[in-house]
Each structure stands twice: as structure tokens, then as C-alpha cells.
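Labels run A, B, C, D and E following the written order; every chain starts at residue 1.
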Amino acid sequence: MELPRNIKASGAPEAGIVASSVYAAGHRVADIPVDEAGEWAAKEGHFVWIGLLEPDRDLLLRVQRQFHLHDLAIEDAEHPHQRPKVEQYGDALFIVARTAQLFEGRVTFGETHLFVGSGYIVSVRHGPSTSYTSVRQHWESCPSALSKGEDFILYAILDFIVDNYMPVLEQIEAEVDEIEDRVLVKPMTAADIERLYMLRRDLLRLRNAAGPLVEVCRRLTSADLPQIRSAMHPLFRDVTDHIRTVQEKIDNLREVLAFAFEASLLVGQSQETAIAKKLASWAAILAVPTAVAGIYGMNFDNMPELRMTFGYQTVLMFIVSTCAFLYWRFRKNGWL
Amino acid sequence: MELPRNIKASGAPEAGIVASSVYAAGHRVADIPVDEAGEWAAKEGHFVWIGLLEPDRDLLLRVQRQFHLHDLAIEDAEHPHQRPKVEQYGDALFIVARTAQLFEGRVTFGETHLFVGSGYIVSVRHGPSTSYTSVRQHWESCPSALSKGEDFILYAILDFIVDNYMPVLEQIEAEVDEIEDRVLVKPMTAADIERLYMLRRDLLRLRNAAGPLVEVCRRLTSADLPQIRSAMHPLFRDVTDHIRTVQEKIDNLREVLAFAFEASLLVGQSQETAIAKKLASWAAILAVPTAVAGIYGMNFDNMPELRMTFGYQTVLMFIVSTCAFLYWRFRKNGWL
Amino acid sequence: MELPRNIKASGAPEAGIVASSVYAAGHRVADIPVDEAGEWAAKEGHFVWIGLLEPDRDLLLRVQRQFHLHDLAIEDAEHPHQRPKVEQYGDALFIVARTAQLFEGRVTFGETHLFVGSGYIVSVRHGPSTSYTSVRQHWESCPSALSKGEDFILYAILDFIVDNYMPVLEQIEAEVDEIEDRVLVKPMTAADIERLYMLRRDLLRLRNAAGPLVEVCRRLTSADLPQIRSAMHPLFRDVTDHIRTVQEKIDNLREVLAFAFEASLLVGQSQETAIAKKLASWAAILAVPTAVAGIYGMNFDNMPELRMTFGYQTVLMFIVSTCAFLYWRFRKNGWL
Amino acid sequence: MELPRNIKASGAPEAGIVASSVYAAGHRVADIPVDEAGEWAAKEGHFVWIGLLEPDRDLLLRVQRQFHLHDLAIEDAEHPHQRPKVEQYGDALFIVARTAQLFEGRVTFGETHLFVGSGYIVSVRHGPSTSYTSVRQHWESCPSALSKGEDFILYAILDFIVDNYMPVLEQIEAEVDEIEDRVLVKPMTAADIERLYMLRRDLLRLRNAAGPLVEVCRRLTSADLPQIRSAMHPLFRDVTDHIRTVQEKIDNLREVLAFAFEASLLVGQSQETAIAKKLASWAAILAVPTAVAGIYGMNFDNMPELRMTFGYQTVLMFIVSTCAFLYWRFRKNGWL
Amino acid sequence: MELPRNIKASGAPEAGIVASSVYAAGHRVADIPVDEAGEWAAKEGHFVWIGLLEPDRDLLLRVQRQFHLHDLAIEDAEHPHQRPKVEQYGDALFIVARTAQLFEGRVTFGETHLFVGSGYIVSVRHGPSTSYTSVRQHWESCPSALSKGEDFILYAILDFIVDNYMPVLEQIEAEVDEIEDRVLVKPMTAADIERLYMLRRDLLRLRNAAGPLVEVCRRLTSADLPQIRSAMHPLFRDVTDHIRTVQEKIDNLREVLAFAFEASLLVGQSQETAIAKKLASWAAILAVPTAVAGIYGMNFDNMPELRMTFGYQTVLMFIVSTCAFLYWRFRKNGWL
């Protein structure tokens, strides 16, 4: 749901370009066409922030020309389905991150590619994901932060990506809590099993998306990346902590679902046993009238009981009392 | 259950402040307002110990101003739900630890944030957790220990946190022991399954709380943290050993519960089999009178047995003896 | 399905030789017999690219003589069933990679051995695998790339091998998706179980084929291999990323199949329970006419009901209404 | 079962002291009171060997004074339930090891703390464990070994501890072998399950006791411990190998028990199936007389068969032959 | 099956000695008594190769004296049941390897200890294992290889040991393939379960035997072992690759057996369900004549149907057609 922001500079943005602006001293000073970006990025104290959404090859090549980006990075940016990574090409950093959002109650995954170099940052979004317009708007209102430059923007975007995992996990957690309440009192229905199965698959995908981000964030705080000033390291360590918390939550939910599967097997087994006990109990109780009536239904000439005045009533009473006794016994030992 | 301690200095403590005192040569020399803390901390041979309980942003900012704490640390301290960690911001250490206590027989988790710098230590408690007042009181009675300074206080608090895991684990262990006694003799009830499931979840949370503490404690003994004098390293190594023992206990209990689940499946299966055997045995025994009586209940004109004088009695005896034989057979092979 | 390419130079290629050409400045300058390869490889600015398919010992020895290859490498090349590895023998690199392809809808595994040295690259294919002719043809159309030399060819072949894993995984993924749709609604058939079992075995083999390639590719970017110029490192890092993506996909599918097995156990258990409930319900309903009719089939002289005018009809109605009531009860609680 | 050894020197040993002797040139030269130990330890060519059994605080403090031991080590020695570890306090080594022995056929765990410094070794035993008197007696008969000094004694004690794990493991192995013979032929009884469960718990405890010892022994061979001369390293590497063998045995038994659980589930399932088949077969066979006899027990006026001379005999023969046929069928397909 | 080779030198070999020869320039120059071995080993360009089979202590001590072997190594060599390891004692290497062979179709494990020093190699075999006579004979026919010296012999023996794992694994693989064909079509028999269980135990033992060999071989290629010349490193790296392939095969088979267990549970469950469906279907079909006949077997005076001319035939047809209908229904939905 990309809502194009209200552009103040001349010219509507092109298709594929969400925003393309120059910042200086913490303030947006101009919205520029992509083809002037290189020029602006080179100006002392200025940096360019370009946001692209599923750009075509042509647009990517134009951006490449502005910042002398590496061919492989451009090729990667054209083809999503990369693993999260940091790659250093020449004097630019190339970062791949996977994003997770809730769209209409379902988990959807996207991919963001980031190019960071001296004086510029370019974000490329693929697949369903939240626009970074809100990041832009939030930090445009904090000039002191924004004045820190392009590596701060990198932090801001990564932090936003990581924060967006949280509502996804919270929804899954809520579902898990709800299912486990049901599952522990009676065996899972087919719908429960399917839902749990789907949650496990979603968590697997989430782990694959979030897991490698830990390493990406950690590497951004290492000393050998000139694009990230060491003053920014605490910020990136903070993102690393957040993504680790996300990862821990994912791992926990995965374990909890595994517990729920195991518990459900036991609950199911114990219900099967309960049914078997009930079945056996009723079979035993009902076998009594059948057997007794069968005996007195035989056609022997000489069956003295049949001639007794209250033979029938006696037998009926015997049947009823035996059944009642069995019923009481089974009740007592918990089979019924 | 925070019991405000008896303050000797002028002025009752503010909301959010549990204690705020200056120590010198192992003795408390004054209870001070937060806004004088920086001044006192700078005095040679003095250190300030401030204890906060769920402070509001304003109070945190005032503390920050006194000790020039890092913005990110303050932001973290405001928002609990951090993973245990040690972070070095400027010349202050920031430590996050998760605490576990028993409140009314249930495991509850809290979070403690610690700021340690030259001449001060600040503890911030979030969520349900035991007050550190007892730590304060205990060590105020040992001036020789207290005179070691703020890094000793850090040790004392961490040691206290780790010690508090023990009763929690002992209670879980007691429950596990009790359940396993039941579980091995008869299949789990739904209540047993739910209880085991909940114990597993609690242990998962405990592992998440205690696990990263090992790394935190270990890092506190590394050479590159100037806030911890090397004379203190044996103490922190000791805490590391304790938390490792806690972790080992948690892992053991987790494995034992997994064993109990597996054993319970087997016990359940063997009970199902026992019921099936019983059911089959009785079905076989009761099929005898039914079949025999059915045959002599047929209405053929020419059935010589029906005319025999003791036909009925003979058949009855046949039925009884066959049933008795079957009963004896099933008893012998353990089906009944 | 090796289709011998249209050779321009004199002489048809020998058995076991797919191609044997010299390249200079990005263009093929000659197709040569193997026995001149050493000579050409030594020429400044030229490199030789030889492709072999299951060569016999004699051919391997002739190649060995041209490039002074190590005995052990030749012995390995003669005997497939090696683990993927990089080995440095003298000034040649020896690389083993496993390939996976789909031949007529089934996963088949092959092995490729590569020798790379100054001025030459030799590929040896074993078992079913796609020919590298397409790699050759593709890059012959890009002289600028081809002019980079033999280490670029190494990259091109490895990239091709890794790319060929993808359709295999996509087919398995499609099968898994299809099976899991079936499996979650009703218990697996024997055919489903067998298919899942076979998929698991295939994935196990794929993991064994692809897993060690990560390490192989990673080592090719390390500084201590003189055969790979550092300008090529980003290319090999890119292959490393691709093979990691392949590995992640394999691991995911393995986990998903494990989930499917567990879910299937639960679905099967819940179906067993459903059948047991149905069986028990019908047994109960049908026990009513049997028991009642048995009683009124007894031959007592004095059974007043038998003499009643509408006795029979009353009993019939009692039987029918009791059965109907039971049926309604079982429906309501979901047993029927 | 500590049997106080026959002391040759003056004075019976105090409570808590098993032995306290001075050795020189491989021979015991005197049995000494604890309070002279420091003096003797300082003598060139002499070393003191003190063995304590659950000493009280007072005794520990007296020992501490003799050798200037660290407060934390003494505190640890007072409180068992430590994890195995090596700690270096000043110029003394402090080692914690867990011991396992069989007392009356049950596995019991103890703890031994060792202090090793220049000229002395102190062992402190807690809980049930074998006395080191046999170690002392054995090596007193080998003066050449004993003359190597206190680090040799350390080796001797650790070797003895590790050796004592072996009979424990052998007994468990024997039990496992015996249970698995039973378990593979028929499903586990409740007693089997309980026994297996208990063995798993014992193995878990053994792993916790033995596992960290690997690291302890390994560290004793590292170069940075001045208390262990490098000439002793092969001996400690040997102990490391032994404890690794112990650990491997424990891990194997753990896996074997896990296999046994899984196999037992399958055996149980296959028995359940066998019972279900038997039950179904007999139900089918016995349904024949019931159904047939029921039909000829109907009271219709016009049932021609009933009037036939050999109707009854024909029907009887039909019933018998049908039952026999069914029995033969079920036998043939293995259901009976 | 140790076949003593045809000795050319004077004197038959002693008990425990398989061979004891001197080699120079790739040729055997003499068969010597053990007690001259040290002398020969010291000669420039000569090396001694001694093969022992379960030697007694006395023989080991004589060998020790010749080469000045370390006490601990001799003690280890006397007591098998060591873990595979490389140990450097003085200037000799001591290597322990576990061997696996098929003797009469069963997996048996042996142990080989190797001493390698300047000018000699001693192999000590324990337990059932193939003689190294074939290694000796093979390489005696390749003087150029044999002339490389004692470290080459070490390679040759290790390579032989590793190669001998392969037939063992291939037999297990064949068995697994055969069992899995059976297991996927019908549930395991008790014999299948036992066989699978035994295979798992064998694989566990194989893993323990082969696993540590990887580390042993890897260490032999490290720079700090003077006994292995760097020219030999490629050979040892080759053995490392082979043992890794063995290990991979073992791990695969272990996983495949685990899959087979899981699949077998599902197959068993699905068979149980099929039986339950069959049982329920037949119970339902047979309940029809029982219920109907029961009703018309009642003795009410006024039962109009009984008086109808074709009442009996009508009822019979009703019963038959109802049963047929039910049979058709159950067939259609796959219960029968």
C-alpha cells in the first residue's frame, strides 16, 4: 500500500521511484531526479536518499551510473530471493534484508536491498512490504538525527525493518496461546492441526528471514567497514540486540509448537483410551441381557425355571441388578 | 513486595526511588537526593548507589544528567523486554539481566538494568522481582567488603539475582519428581499433561532468562572492561560458575520432562493394549453362551437334544465350563 | 544427453573429449588435440579449456602430462564418489563438486572434477549431469567476460552447477506442497508415506551434495589461492551466496517434511479416534434391539407382556424411539 | 565407608582428617598435624598431602591459613554442588570434580575438591565416594612415581576418579543389554518403562558429572598453569583420553536407550495391531452361529426349513463348516 | 585369519610377531629379530617395520627398549579400548585407530596401535581385524613407493583401515535398502524391528570408531609433527577425505534408519486404522440379521407378520438386501 508522498519539488516521481531527495544539515533541501543524484552526493555536507519500489532494469542502471555501483550488486537488486547479507563492493556497501509484515492478517515476506556509499543511500523494495515513507517522515522531524548522514539512515531503515517483525510475532503468539488453551483440554481437530502446521511453516520462514540479519547487523559494527563511522556502532549494536530478541521469540514459539504437538499426541492417546474404556464397559453391560435372554430363549422341553410363576420377573430383576452393579463398578474405577 | 527501608537522612525518597546513598570506606555516609549524585560520585573514595523501581522517563533523565549516561542506555532502561547483555557506552557499563522469582507459587520474570561507572552504580528494576534492599542491608554489615567499591556492588547484585533462580528451580524439580512418580504407574491425566506442558514453557522462559547471563558474566571478567578491576575477576568467575550450574539444572529438567513425555506415550500405549486385551477376552467369553443359546433357540421340529431329559442342564454346564476354561486361559497368558 | 558440438577445427573429437579449445582475448582461436594443450596453455594471453566426459585412464594420463597434474588428483578424477572439496596440488587447483539434475522427473546425481592452473581449465564429468556446452556457448558470446581467463571459467561452471540445483528443489517443493494439502485433510495413504520417505532420502542426498560446496566456494575466495585473482572474489562470493540459498531451501524442505510426518501422525490418530467413536456409537444403538428382543424371546410361561394385544407394537416403538434417541445423542456430541 | 588407615606417627587424626603426611624422595617421612603443614610444604624436596572428609568450617580455615588459600575457594569447598572446574587463585590451583560410584547397586554421586600449590595437595571429599586411601597406598609402594611431587598426586587422584566411572557404566550397560533383549520381543511392561526412565535419568546425571571433566583435564595440560610441570602433561592428556572414553560410553548408552524407546513404541504398536486382528477374526467367526441361529429362531408360521427332517443337522453343519473356513482363511493371512 | 608369510631370513617369527623386517631403497633387505630392530632403525636409509598381533607385556617391553618408546604408550598398547588419537611422546608418534570388518557377515571391531619414529614403524593389532600382510605384500611390489620411508607406511596402513570400512557400510546399506522396501508396504514385523534396532547400534559403534579418525588424520597433516614430512601431507589429506566420506555415509544411514522408524510408525498406524474400519464394517453388516431375527424371535401372541404366508421369505430378503447395500456402501468409501 504505497502512498506516494506529497512532493514539493518540481516534477512527479517516475514509476519505480518512491522518493529521491537531498539532505543537508538534517533538512531536506531538494527533491531531485535520479540522474542528478551523483552530483549532489558528491557535495560536501549533502547526502542523497533514494527510495525505489520494484524498479525495472533501466532505472537500476541509471542509479548504478550515478554512484558507480558494482554490476553484481545491480544484478542481485534486480533478482530478489537473496539471503540477507552485507557485501562490500568497491567503496559501497550492499545490504540485503528480508522483511515480514502482516497484510490482512497473513504473514507476507518482502525483500529490501540497500546501497550505502559516501553521500548516498538507495533502498530497493521488492514484494509486499511497508513503505519507508514513514521512516523518512519520522526522521525529517528530527534534524539533529538526520544530520548524522547516510549511515544513520541505514540504521533507521534496519531498525524499522526489525521493529516490523514484532507485530507479526505477537499475532502468532496470540494464535498459539489460543490454540494451546483448546489443545490441552481436548484432542486437536483437523483444523487445529492444519493451523498449527501452517504456523510452524510461517515460523520457519520467519526464522530464515530474521536469522541471517543477526550476522548482517553484527558485521555492520565491525571495524573494517569504512561506510559506518564508529560513532554509529552503538546504534547498530542496538539493532543487533533487537533482532536477537526477535530471533529468540521465534525460536521459543517454534519450541512451544513442538511441545503442543507432543502434548496433543498424548491428549489424543488419552482420549482414545477413554473411548476404548467406555466401549468396553458398555459392551460388558449389554452382554448380560443378551446372554441371559439367550439362555432362557432355548427351546428345551425340560427347563424348570420357565415354569416357575415368577421366573420371568426374577430373571428380569437379575439382569437389571447385574447391569446396575457393572455400571457402578465401571463408574467407580473411572471407565465410565 | 517492596518494603521502603528506614531512611536516616532528611526527606522521604521520591516515587520510583528505592534508595539513593553515598558510601565511603565501606559505610553509608549519607542518603542523598538524586540530583546531588554526580557531585558525590566524583569525590575521591566515595561511591553512590541508587536503586530505582520502574522509574518514569523524567527520573531517568535526571539520573542520566548526573552520570552522563548514554541516550540508548536510557532508552533501553525505559523499555524493558531486553535480552541480557553488557554494553559499554562511553565510560559506563550498561547491564541487562532477567530475574526469576516465585510469587505465590508461580514463576514470574522481571528485568534489572544496571549502570556502573566511576563512583556510582544505578539499579533499575522492572516487573515483579525481589527488592535489592536485602543485598544492601547484608553488605552494609560487612564494611570491609563494601569498601571495595561499585564493582563489588555489581557482583553482589548479580550474585543475588543468580541465587534467586535456585528456589524456582527447586520448586519445579519437586513438581517434576512428583509428576514422574504418578506418570510411570498410570497414563497421564489431562491435568498432568497440562501441568507438564506448563512446566516446559516455564523452563523455556527460564532458559531464555538465564542462558544469556552466562555470556554476560563471562564478559565481565574479560580484560577490556576498565570498570571491573581485575581483583574482582575471581568474584565474577564465581557468579559465572553459579549461573552455569543454574543453566545445567534447567537443561536437565528440560530433558527429564522430554523423557517423561516419551515414557508417558509408552505407558499410555501399554494401557491401551491392556484394555484391548481385556475387551477381546470378555468378548470371547461372552460369545459362548450367545452362540450356544442361539443354536438351541432355533425352532426346528427335529432337534433331538431338546427332547433329552437333562439336555438343558447339560448345555448349561457346557456353557459354564467353556467360559471358565476361557477365563482361565486368558488369566494365564495375562490378558485378564 | 551430450550433443557433440559442431567442431570447426580439423579432426573430430576423441571419445571422452567433449571439447578442447584455446581462447585468447575472449575469443576461441582454435580447437586443439589434447596433446598440444600444454604448449598452448603456456602462451601469454591464451588459455585452454578442455571438457572431458567419463574419460578412461589413458586419456587422463595424457591430460596429466600436458599440465603436470598431481598423481592423487588424477586418481581421484578416475574414481568418482568423492566429497566436494578444493585441493591445492603444486600450482594447480583440484575441485570436486556434486551436481544434481532432473532427468525424466527423477533426481540424479553426478560429479564434476575441475583442474585449474595457469592457462588452463579441465572439467571432468561423471555420471548423469548436464553438459557444460551451454556454459561454453553462452560465454563465447560475451568476449569481455571470457577474456578474464581461466578463473572466470571456473566461476561460470560452479555458478552453472549451483543454478542447476534450483529446478530440482522447485520440483520437490511442488510435490511437498501437493502432498501436504492432501495430508492435512486425511491420513496418508501408503503411497503418500512412501513418496514422503523418498523425498526425505532425496533431500538427504541433496544436502550431502550441496552442503560441502558452501565450504568449497568460501575457500575459493580466501587470499591464499594464487589461481584465483582477487578481482574474481566478488564473483565467488556471489556463488557462495547462491549455494547458501540452495542449502537453506534444502534445510527448510527437510523441516517441512518432518512437520508433515508429525502432523500426519496426529491426523491419523484423530481419524482412529473418529472411527472408534463411530464404532462405539453404532454398537450401542444396535445393542438395544438385540437386548430387548432377546428378553421377549425368552420362553417363560408367565410373561404378561406377551399376552398384551399391542405388546409387540409397543415394544417395536420402544426399540425404534430408543435407537432414535441414541442416534440423536451421538450426533449431538459429535461421535457420529 | 571411610576406613581410617593405620597411622604410624604420634596422635590419632582429627575428625574430618583422613590423612595428613609429608613425603620426600618418594617416601612418607612423617604424619603431621594440619597446623604444621605450611612449614613442611615450604621445605625443599618435601610435599604435604592432606585428605579431608566433609570438614567443618573451622578445619578448612586452619588449612587455609597453612597454605594461604583464597577465600572463594574455601567457601566453595565448604558448599558442595559445584560444577567441575579448574580455577587459579593466586599461586594455587583449585579443582572441582564430581565422582560416581556404586554403593549397594545404586549410582551415587559425590564431589571432590582439590587444592594444589607449591609443596602441597589437599583433597576434600563430599557425599558418598570412595576414599583415596587406596590411591595413597598404591603409590606409596612406587617411590619413583611418588617422588615426582604434588602434581603427580593430582594426576593419580583424577585418574582414580575417572576409573571409578567405569564400573558404574558397565553395570548400566549390562542392564540396558538385558532390557533390550526383553523389549524387542514383547512390549515393555510398566516396570521396564520405569527402569529405562531411571537409567536415562542416571545417565543424564553421569553426563553432567563427567562432561565438564573433559574440559578440566584438558585445561590442566595447557601451558599457562605453573603448578603442572610440562613433564606431567602426557599423564594429564592420558586422563583426558580416559574421561573422553567415559563420555563417549555415556553418550552411546543415551542413544541406545532412545533407540529402545522408539523400538518399543513400534513393538507396542505392532502388538496392538495383532490383538486387533485377533479380535476382529474371532468376532467374524462367532458372528456366523449367532446370525444363522437367530434366523432359525424366528417364529414365523411358514418356515419350510424348520419342518425338514434333517434341517437342524444341515444348519449345524453349515455353521461348523463356515466357521472352519473362516478360521482357515484368517490363519492363512496371519490374522490368527 | 592371520596367515604367517613365508619368511626368508633365519628363524620362524615368535608368537605375537607377524613380521619384523628391514627395508632399504624400497626393498626388504632382511627379516630380523625384534631385539636387533633398534640397531637397524638407526642405519642411514633403512627402516624397520614390525607387525605385532596381541603381543604380551614382555614382547612390548622388548620393542619399547629398541625404540625408547614412552611408558604411557606401551601401557595403552597393552590395554585396548582406547579412543582413536594421535599422541606425540618424545620423538615418536603414537596412533590409535579402530578398525571394522565383516567376519562371517557380522560387523566386528578391532583396534590398531601404531608407533612411528625415525627409522621404524610398529603396528599392534588387537581383536578381530584383517592382517596388514596384504598391505605389506602390495607395497613390497612397488619399491618406488616403499622407498619413501616409514611415514609412507603409516599412510598405507591408515588408508587400508579406512578402505576396510567401505564393505561394512555397503552391506549395511544393502540391508537397509531391503528392509525399507518391505517396511513401506506393510508394518514391520518384530524381526524387522529387531534388525533395524541392531543396525542402528552397529552404526552407532561405527560412528564412534570412524568419527575420531577424521581428527586423527587431519592432525597428521598439521605442520608441527616432525615425523610426517610435508611431502606426505597430500596423501594424508586424501585419507582424511576418504574417512570423511565414510563418516558421511554412516550419518546418512543413521538418518535413513530414523526416517524408516518414523515411516514405519505411520504405516503401522494406517494399518491399525484399516483394521478398525474393516472390523466396524463387518460388525455393522452382521448386526442386521441379528437385530431383525431377534425381533421376529420374540414370543408375542399378536405379531401379524409371523402369520403372513411369505413373511419369512420377505424378512430374509430384507436382511440379505440390507446387508448387500451396506457391503456396497463400505466398499465404496474404502472401509472394506
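Quick notes
Just so we're on the same page, a residue touches a chain if its C-beta (ideal position, glycine included) is under 8 Å from a C-beta of that chain, and two chains touch if they have at least 3 such contacts.
It should be emphasised that the depicted structure is a prediction, and the values quoted were computed from it without experimental measurement.
Looking at the partners of chain B and chain E together, the chains they share are D.
Superposition of chain C on chain D using C-alpha atoms only gives a rotation of 145 degrees, nearest 5.
At the chain A-chain C interface, residue numbers used by both copies make up under half of all numbers present, so the two copies contact each other through mostly different positions.
Averaged C-alpha coordinates put the centre of chain A at 26 Å from the centre of chain B.
If each chain is reduced to the centroid of its CA atoms, chain A and chain E end up 43 Å from each other.
Shared interface positions of chain B, defined as residues touching 2 or more other chains, are 265, 269, 272, 276, 279, 283, 290, 294, 297-299, 303. Begin at chain A, move on to chain C, and keep following the contacts round; the order you get is A, C, E, D, B.
Considering their complex, residues 180, 184-185, 234-235, 237-238, 241, 244-245, 248, 252, 255-256, 259-260, 262-263, 265-267, 269-270, 272-273, 276-277, 279-280, 283-284, 287, 290-291, 294-295, 297-303 of chain D touch chain E.
Of all residues in chain D, only 70, 72, 76, 81-83, 85, 87, 89, 187-190, 193-194, 196-197, 200-201, 204-205, 208, 261, 264-265, 268-269, 271-272, 275-276, 278-279, 282-283, 286, 289-290, 292-294, 296-299, 303, 305-312, 315-316, 319 touch chain B in the complex they form.
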